[in-house]
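Scrolling down, you'll hit the structures one after another.
Two complexes are shown next, each including chain A; its partner changes from chain B in the first to chain C in the second.
Here is the complex of A and B:
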């Protein structure tokens, strides 16, 4: 054996190893079909359907997206069916939104159907979950000519409205957490097709097994966000002030304000076999619109009291509905677990029941900090 | 010029004869078929002896021979007797009695005077060969630094360095390298700063070089470097006297090679290649920003095409949605896989760059137009290469242009191709493996026995002040530890204070 041949030989071995083991999972962009939206829904015969829309990368083709659909037992089982409809291999790596039809949400325990999203690590889990009030199929095949691709609109819609606290951009991962956490029930964004236009409704609330319970509009979603301590400054609320005159067709008794930093404190107690939550909301707002005349410098204490009680009433209304539906999107269970662990442990599996029996008190303290640059 | 014999083989001694004609015959034999070799015979007026002056035309300074040797010897003199000291107005005069030395001296531009009846000859320093004027350095242009670059004469180069450090501690060692070329190689160092062991190591390495001729500093550098298989340069070659002086003051040695316009600096670290002399003359905040920019450029120049290939062929889930649509549209019409696309563009770029270097300036512009317009635009319009790839290649090229050292840029070019192959084979995993191999290699590499990664690995915290960042000059009170200097304190300046006029 000559000593000199060793480096050369090892070089050949290394090159061999590199080349032989390489390219195993190579799949270039143009060979893949990358749907940006995935939808699941049931048809009239209660059969599970998947829907997907993938962008078409070509300058010569007018229509910019291709829709894939089919009846399936499960998402991964239908991979062959998905692939058979496109030129490339369908990859779940670029989902932007995951659409779920209200029809499907009439059933409990649909969440395990999404298992492949989490178990196949190639799939993204940052896609936004959106509930569709109506059929997913209708939304997906809408393709309005005056708007960009559906996933882009939906993602943009959900993300920007979330910064205003008007909806939730719940990712798949976040939804997974909400299902796993016994102290909270899931909440996601909800859209609807109205006159061939996509409209963001607000949020949809599900029970702990995933069944659709109720919807909240934009303003109610803001209030829920405040209760969840998630509301960012900049949200906008409007109320009709009851003792102001209304003239003509205009809502002249309307008042709107922009929220500042909200301080929500939640105190937890347990007495008489039930939980007790005292929620105290403190915030300073700036008036952005009042159509009736008022001298803020003089009448602001009275106005503050009026708005506070209007807001408090609305929040109490929401909480009543939550209790009626036995759901807890606020996450009061998390507080109960933290402060009343023993009692929570006993009821954690029927937390919805416990929340409906609990006593929830809300107090709103609102201060007007700014009245705008005009008198 | 004074030239010491490179090797004195004792058995080979070839002494000068008493008879002038014998000597002339011998010289004729040595320099037969050498048309530029000139023998001038005459009688010295002062002593009346017959003499012969030999020199090579073109290597010697003609006015010096005419006015300082021939004129005083033949015309202007007082009467004397044979054997007297001769009157010559030449600065450097050396007596030699061996033909070996005489031959070497003549070939290096000296003229030699034989005198009948004397067993020694006068070697006269009349060297004067074709020389270039001192110009702005081409490779290392500077905005605020001096506009003098090294030339091809080591004597002048040393003088230029000495102008910056007029100090008697600036010492030099002269060695002769090359059996045939007899190249003068001079090691310059500050005797009270430079580490002795490093200096001895450098001297030993140069002495061990046994080649025909050293034509350029780059050749010497390749013959004495620590790891000849590495892609990375291990010595800095500079053509700026101010850089060289700055390096000397930091405790490094500078090797000046005669006939080469660049000098070699050792020991250096990886970060030396990201420093430029302008860093010290611009404000420290700007200089720091520029250094960070260069590090960023190094990373993009090496990794960007590989990153593109990996993303497009393995990991397109990390592309943001809107970029995905653009990228998909752009890639959708390209008939080649990403690697082929990238390699075509990268090779085109390298070709354009080589073409630009070799071609004369007016034609060089044409290359730019062909490269920019024909390739950049037509290739995209024809649908052969995607827009994004052109942007990637252009960004890579710009990144490699802002690195101040050509040798490091050359290394980055090769590393880029290796990483591109790894990215094609394994995606991000390949890039990370390449990165880790590169880091491991950089950590084991040495320059003149000193670690290449210093001061980051091993950590010399005090040196960080002038590595990736450049702190204000008044904070750099110590010489860099990475050269283990004998004298550590460099200055005692404190922060300039605001003073009332």
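Here is the complex of A and C:
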């Protein structure tokens, strides 16, 4: 009897599996609309708007993307409104970029609006956060004929520029970390539409509650990356050397170099009711351009000193601005927490205040390692 | 059931079954629980938990050694009478029923939230129980082989977590003992629930081929468990900022969402499916132990009937009632204390009882 029951039992199992497979969660591709970019912004009347752009897969349609937009209370609440504009059901599983308008960033505490991204387990959280200097609507409806789809170009822009340290490819997850960590304030990429062209500006720095504070251009972003110990070899910096002659319309006193591995050490101390950070940056660079003639073999010590002090000045300028705005994208608070926990704990809720009072010293030691193939 | 050579398990299988029962659904929320108790110092509680478990393992082995080959339930029956023996078997069955139910419910809830929100819970229960029934029916040896198989096919899982090291913030761990030693001690409580399962030794010990090696085997399985937990907790703590570690219900899965590969966008999906293998190592041995204990209580000659009843009750029961996440948390909270008394307190009492019994009844020496 036991022998007989076996094929029968297997039959039941196979039947069961066949009937139950895929269960209630299947979704045909035809019925799905997958936006690749999501944007949020405020309009002139301070009303919350969402924007999304989904690729259209059809031979006969010239325009390759469809834009969805509407006024909403929140992102998930507007699901029906999103669905009503497409043939399929809108799925948030494939966002490549998340655009945030500068107008919205004039307000504090907008970050909880993104809750659905983290709470709905099926949403991606590696979408790159990008701040738009201007209106998100303008960027989204730009559709330049000579460029790939907007989400693709933005994602590519941000990702490749990040390898050169010229911007940040801050993911939604990373932004979440920056908001939750009391020792650091958020930093994200920033783009702008200039003459109907998308342009990457550098980075936007927010305060701990998400309000826009200031922007950094590409070169300043590289320096911030160095301070954050995130700069990969290969970044490029340019400086005007002050004592070199400049002739005509050409910047003949320009010098550019490519960075190698950077060693940044940050020492933390606490004295006289304030934190003290000593930042020491050491790197070896290769010259990639100097328009003025110079004998590197002879004059390199002097040149090294000049570039070091120029770099140091610029970094000090950035830090001064950070202190003025009471933000800490460098993450000095993380150092303070690790090494001066007792003192940090007292000020962790107003770390911006503490950082503006703190003393930050920067020292740059730069060595020229190579002058390139020409003398 | 009498121990036969046909059903004996090897040293490796013994280690892996015990480790499998320990590393269960609890691993998913462990970093959060440690962070809630002691912030970023939570991981320091794991070595302390390890020592606690080691002591408990040696006590259990000492108890089993004094049973000399018989099952613990037989020994208790011989010592204190048949009904106390049965009550003991019932308690053990109830304990493992809890452990198994908790494992199944958590796994289903996780699958539902991450993979298939619209699928009914009883459908998933049915699908999980088909293979579980087949394996649990086979007895310790088949379970042992299954444990070996699962270990082999899932030993690559931890390595994927190394990809998150790119975003590691090692400074998050500093300073050690930032709030002193007390929160760390308090966090040891959170390590109890994820390391439950040593009680399975009560049942599996007689099947072990080489009984002198039981103590080193338990040392190794505790070692593996603690290493895995340490690894995963530290990965979470250096990835998430200190306040963020408390924010995610299952940081082990959430952290996977941040790993990007060119060829796969949502890596957590194959992972959760794969984790089901790992988690099945908690409910399959537990199912066996429950039905085995019940067969002892009702004096049946095999565990087949109780196992069938168990499966059917589970499926029908899930059709009518499925715990929510909050209720599942309550089960886990209950299990922490129940498990503590079953695995830490009870063996100690048993050891004392058996020692006294052996000393004063030398003629009937066990």
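In the analysis below, the second predicted complex is superposed on the first by the 357 of 375 C-alpha atoms of A that agree within 3 Å, B and C clash if a C-alpha of one lies under 4 Å from a C-alpha of the other, contacts with A are read in each partner's own complex, and residues count from 1 in each chain.
In the analysis below, a residue touches a chain if its C-beta (ideal position, glycine included) is under 8 Å from a C-beta of that chain, and two chains touch if they have at least 3 such contacts.
It should be emphasised that the depicted structure is a prediction, and the values quoted were computed from it without experimental measurement.
In the superposed model, A:312 makes contact with neither chain B nor chain C. When both complexes are overlaid on chain A, the residue A:121 reaches chain C alone and has no touch with chain B.
When the two structures are aligned on the shared chain, A:155 is found in touch with chain B, with no touch to chain C.
Looking at the shared chain after the overlay, A:203 reaches neither chain B nor chain C. Of the two partner chains placed by the overlay, only chain B lies in contact with A:36; chain C stays clear of it.
In the superposed model, A:94 lies in contact with both chain B and chain C. By the touch criterion stated above, A:339 is placed in contact with chain C alone, chain B being left untouched.
Look at A:176: by the touch rule set out above, it reaches chain C but stays clear of chain B.
Across the superposed pair, chain B and chain C both touch chain A at residues 23, 25, 93-94, 122, 124. Looking at the complex, you find that chain C touches chain A at residues 113-120, 123-124, 126-127, 130, 167, 169, 171-172, 174-175, 178, 240-244, 247, 257-258, 260, 265-266.
Contact residues on chain B toward chain A in their complex (touch as defined above): 312-314, 316-317, 319, 321-322, 324-325, 327-329, 331-334, 337-338, 422, 424-427, 430.
Those residues of chain A that touch chain C in the shared complex are 13, 16-17, 20, 23-25, 93-94, 121-122, 124-126, 171, 173-174, 176-177, 180-184, 334-335, 337-339, 341. Residues of chain A touching chain B in their complex: 18-19, 22-23, 25-30, 32, 34, 36, 55, 57-59, 91, 93-94, 96, 122, 124, 149, 151-152, 155.
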